[in-house]
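Next come two complexes built around subunit A: one with subunit B, the other with subunit C.
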Partner chain A sequence: MRIGLLALSLLLWGCTPRTPVSEPFGTVPSAPPEDVLVVGKPDDASGLDPALISDGESSQVCRNLFDTLVRHSANSMKLEPALAVSWKHSPDGLIWTFNLRKGVKFHDGTPFNAQAVVDNYSRQLQPTHPLRFPGNRFPYWADIWGTNPCLIDSLEAQDDYTVNFHMSEVVAPFVENMAMPFFGIVSPTALKKYGSDGFKHPVGTGAYRFVEWLPRERIVLEANPDYWDGPPAMKKVVFLPIKDATSRQLQLEAGKVHLITGVSLEKVEKLSLNRAVSVLSQPGMNVGYLAMNNEDPHFRQPLVRQAICQAIERQEIARALYRGLAVVAESHLPPMIWGQADLRAYEYNPDKARQLLARAGYPNGFKTEIWYMSAARTYYPDPKIMGEVLQAMLGEVGIEVDLKAVDWGSYLERVGKGEHQMALGGWVGDTGDPDNYLYVMLDDNNVNRRRGGSNLCLFKDAEVHKRLLKARQMVIQEDRARLYAEAQVLVHEKCPSLPLVHAPQVGATHPQLEGYKLHPTGTMILQYVRWKRP
Partner chain B sequence: MTGNSPAAVALRKLAHSRSALIGVGLCAAFAMMALLAPWLAPYSYKKLDLAHRLMAPGQMGHWLGTDNLGRDLLSRLIYGSRVSLAVGIFSVSISLIVGVPLGALAGYAGRWIDSVIMRAMDLLLAFPSILLAITIVTVLGNDLKNAMIAVGVVGIPVFARITRASVISVKELEYVQAARTIGCSPARILTVHILPNCANPLIVQATLSLGTSVLDAAGLSFLGLGARPPTPEWGTMLGDTYRYYDQAPWLVIGPGLAILAMVLGFNLLGDGLRDALDPKTKEE
Partner chain C sequence: MEAPVKQVLLTRLGQIVPVLFGISLLVFLMLRLIPGDPVKIMLGERASPAEVEHLRQELGLDRSLPVQYLGYAGQLLQGDLGRSILRNTRVSEDLGRAFPATIELACAAMVIAVVIGVGLGSLAAVKRNTWWDSLCGTLSLLGVSMPIFWLGLVLLLIFPAGLGWFAFSGRTDLSFPHPTGFYVIDALWSGSWTNLLDVLNHLMLPAVTLSTVPMAMIARMTRSALIDVLSQDYIRLARAKGLPWLRVWWRHAVPNAMIPVVTVIGLQFGYLLGGAVLTESVFEWPGLGKLVVEAVRTRDYPVVQGGILLIAITFCLINVLVDLLYAWLDPRVKQP
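This part shows the complex of A and B:
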């Protein structure tokens, strides 16, 4: 009886709504004694050869191991010299010349020179290059430059510290593209030495050098004392994959982890009141969208796609799932990037959606599935919940959705191959150029059923393709902007996929950590990070 | 309940045990809940209401509050009893249908057949049950149906062992020898003469297994390997909402108590049945 009463009182205690915390709480901890930084990330890297990866988790690590020829500044899209000190193009825009930094060494002691750059780019360019090993696949190379024909025609070392790129056509965002972490320069000696296993043995010129990687457990880096841009203050960096958002936050609050990404928006308010944590937030250069497979028998029909666009209440999603911090997306292009079109929002109208479905020949709806990724992304703090909401909203108009979790490791490849019917898609830009969004996500050239392309809706449209291609071959921004606006209007009409939101970027750190800034691209720059010490 | 048939005696014993009655009551309550879910549940179990998420119990007609997507928790719990009962019954049936014939064959045939079957069962038993279930679901694919199969497979060796032990003790009894002497076929001896006399321990074990099956399936679903949304499976509900424990503890307490009550019900009933069916315990 007594136990019963106890249980009852526990139950009642549990069910009484507690007043929400609104006062700051906790104490400000002091900086840890050693110069070690522990980073908690939603997932492990998939590989550590920058040319072989295409996901943010891997590129965040690679950004600190490798340098690119040019790079973005610490917190904006402004370009600054990195391994190249200056660059210029020929009058016709077809030859780019980079003057390289002298005296830089890779972590293994190999000197950095023009040959290293040529080796790195050629292994991606030439199918028979000796440094291309079995199993090597260069997803970004294909997305950005195309494979056959490739926009980079050839490159050569003019002398030890000068490299010339010969383009097959004018590529306006060429230098911006070069700043992507995916074009980081790997030591040619290491490539030769490790072959197909190179992705486990990263050797670059970056601020940190590689110590060890225990898959799904940790990645350890140490400071590169000879870094050309000055050695970093942090002696050691440890990346821990912590899948669960709550555990990541708890570990940060407990001081076991000093920097986390993928903070769940549900917890932002409460987390920002904890003095043991400082929360960072800014609008993200990303988009989350519902990728309909345009080659699927259902979604091949424009009426069905329009119906889907009208069945989903995106305002409500932005408000409820993103705490109002997200912006409803009308295009795949985030609002802070130039080239915007004036688009009328898809109206939320379930009745209209039902009518459209009836006109398409599905008066009673149909059955389909939505895939969601197993790990949180910047644009989907909880992919499963997003899936459940879409499932319920589509259920209202008669579309019965089966939700399927797919492991992130193979997600992009499988969706790119078109194995899905509908899938949660998303993109965090690497450059501030519209090309990096519209060409990557919506162009014909990025449909690849065999190996998986980045056009996740398998959308092919001659009119859109024409504009996207033309815009990347021009140099004047106003002209390009006009083409991008036109392309977006076309895409909006044909609605190959439904843009959902532009999610905010949220991260949190130890309050004594200095020099960490969220980067618009979502990458992680740890070069300037240090502990605040009295 | 008069008469002296074994069944009547057992029922009388059951009716006199307080804990068994509680078990019967709990099981009956969940069975009713499952049968009458559409009439009992105040709301739809899958209708979202994003404007009213994480509402505390008692507000706006939500007796147990709402979950992270604004769905009524009480309705989901009521519908969840259907899922859990189905899981329990289905997976125990698998264990029974496969385990009993295997055990009977091993016990009756003996020699190498016995060895082969029982070593295979030992192999199954050697794995931690949840690990084995996870492996099976991973291979078959992530679905509630497959979770049921996994839990059922995990339960097979228990039934095989119990059946084998009973068969061995019964098959040497005189009436079985008599049946053999008058020329009954082994199949007939096994099904008509032996198995009915092994039923008691199986009934008890099946009842107890219902409880563990419900628990195992909830565990799998908690790990995201069982029911797919929006199925209101209690384990899934726990797994989806435990991170709100500090803002909305009712989301954890509700399904947690439901699982506890159902498993407790089956266990009490199973214990009661064991006492009732045991001829050595005296009728009060």
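This part shows the complex of A and C:
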């Protein structure tokens, strides 16, 4: 009878017009009786050796199994000591020295020391290292340091608890990069023992120890009672891959899982009214921007670019397309990253945009194209709709826009080569260093018409280039911050592209879960998570 | 085994070899002809051309297609399916975990489909042109036309989300040894009712979802086959001789009607192996269909090749089994 009624109500629900839920509903559940946390993630890990992975799903698990030399604090990009208690660089910035924490043990009982650090990074640096096994590939190492040549020249153990890294050139974001979970330290004894299958038997020094991994079913971890930073409150953590966003949400609402990631923006509003759920949201470490091709006859003219910047109502975009959770971007640098400049927001003023176009020689506007990618990205949950909104706004000032969908597989290459007139651009940073954003998106060196560069607006400016290049060759953060601020002011004046939004990160938890915070890098830190009990 | 049956078996098994060769070649070529580069997918959008080239060489993807295929075929003949490009796991290991999951789900779905399908079909045939018949026809039509993805989500909304019955996803929440990979058997082997109940709790909704299409097909085929058989002279003769109706139905009608039904069951079982991917996706069932689809998405060639080959082998073997069942059901097949 109950099933029949429920089925009938479902049928009727499908046939009746929907009115938006605006009142809170549901009841606040109590905390589960056991210290077990179940996490629902959009995908399984691809491997559990931090050096072999490059995807977010794997690194979220690895972050809790392995420690890095330095780490980001629980909810910001501030660096703090982890397996290294202090670090310094030589006056020329070419040698970095890390003093290691004493008394730390790997989960297999072997001691953590300088030799372990040397073994971990040497296997990634040296092609013939004995701890490099068939099938081992180190994508993140190659991405950050390069392979041939490599920015890290060599490393050595000065004594049992001191390690020196010799750089081939000054790398300003070196320590910042070392905080990424991909540079977690694995037990060399375990690497030796498991060889090519090491990615299935993770042994680190982290807050949690590995229990089991049934690929595509679950990963189970247990608390490390000897953790150097204090044992975590949760005795057991289970990661479940739940691809379907609706299923993840239903399982959270039913209390079957306690923490989910990858919450879609259209579900946030309703989910946040459910008392059985806590929704977490914050600006993400990303930027979505409108890339104008600065080599195109129209967009070569600064007046046209300024007109575009004044014709787009970005507040409305953030409100309507991102449910008000996105932050309007004034710079390509997300707000949580240091090196910010004090920039005046581009004003939305269609009349002024028309005047600027008339001054540029287009009193009746002109015809152009906007390319958008075929697949959703973190910064564009629906690129087509974003394109349509921009098309409508630019139409208001007389710019007739044709939209063109381009397959994501070839999108970046084609836009990087400058085949577009205007295109949706975006970037998700890995690290909290401004170099990872400004140099990548706006420097002359990243314009590449032959192979396709990451400077999608093909913007070249000697003054900006000088500052961005100089900043990446210095190690004093204050000096670098000044150069980045100057570069951003110059970019803002010349407006080679229009920063649109910093899209939000969204997660949801059981309301009785405390100590969990979204991290700007997208990693998952479960060390401080506990159940709220009376 | 009688000689003709043995001959049927050997002929059918012999026919599998060229089929498998054809499939291995077809899948190999198709994968390499579709757009998308596994190396670029693996290394991500920031990889330099030099890194891409280096990895392509390492994986042997820079060689000509015939050379690549010969290498693959040589490995295959030695029983080596290679390693996943993406995860570096042995493909045999991945398949060894996914295959029992799919077989278990397909078997459970088929048991439901056969029991309900044959039951509904028989009822419709016996109560021909009554409202029972219409009801069975409507249920069959619903079964065939309901999108599996939608049905799965509705079942999730009604049962685990609405009533708190059955599990949302996965195969089990409990940890116990899985020596066979068939969790029902493993749970029985563990000797714990809790384990078994948990496994059945997880199996129920995906099995019901997956059973709808074969159930409808079986019901329709059973109905038409039984109607055909029940109108035959020998049935009328048996009834005229005064044999009890149940005996006539069970001894004379059902075995003769079952031959086309067994064909449908065989074909549907094959369909369940490859076609379970939607059900596997809704219920996060870590089966073969889902493994292969994910591998196609990431262009993980060895996993796709191994997975399709395994599905093809199973499909061929099921067909052989159906042929053997014919021989058992219809004595004329055994005659030379």
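The rule is short, and it goes like this: the second predicted complex is superposed on the first by the 311 of 534 C-alpha atoms of A that agree within 3 Å, B and C clash if a C-alpha of one lies under 4 Å from a C-alpha of the other, contacts with A are read in each partner's own complex, and residues count from 1 in each chain.
Methods note: contacts are C-beta pairs under 8 Å (C-beta built on N, C-alpha and C of every residue); 3 or more make two chains touch, one makes a residue touch a chain.
What you are looking at is a predicted structure, and each value in this text was computed from that prediction instead of being measured.
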Which of subunit B and subunit C A:Glu388 touches, first, second, both or neither: first
Superposed model, subunit A: greater residue contact from subunit B or subunit C: C
Which of subunit B and subunit C A:Glu266 touches, first, second, both or neither: first
Contacts of A:Lys236 with subunit B and subunit C, given as first, second, both or neither: neither
Touched partner set for A:Thr246, first subunit B, second subunit C, both or neither: both
Contacts of A:Leu403 with subunit B and subunit C, given as first, second, both or neither: first
Contacts of A:Lys105 with subunit B and subunit C, given as first, second, both or neither: neither
Touching partner for A:Arg319 - first (subunit B), second (subunit C), both, neither: first
Interface residues of subunit A shared between complexes with subunit B and subunit C: 244, 246
Of all residues in subunit C, those that touch subunit A in their complex: 35-36, 40, 42-51, 54-55, 58, 83, 86-89, 94, 97-98, 153-154, 156-158, 160-164, 168-171, 175, 178, 281-282, 284, 286, 290-291
Touching residues on subunit A, where the partner in the complex is subunit B: 11, 14-17, 20, 244-246, 264, 266, 270, 316-317, 319-321, 384-385, 387-389, 391-393, 395, 402-405
Sites on subunit B touched by subunit A in the complex: 46-48, 50-51, 53, 56-57, 64-65, 68-70, 142, 224, 228-230, 240, 242-244, 246-247, 249-250, 252-253, 257
In the complex, subunit A residues that touch subunit C: 2-3, 6-7, 10, 46-47, 52, 54, 135-137, 139, 142-143, 146-148, 196, 199-200, 212, 214-218, 220, 240-244, 246-247, 250-251, 253-254, 256, 407, 409, 412, 451, 454
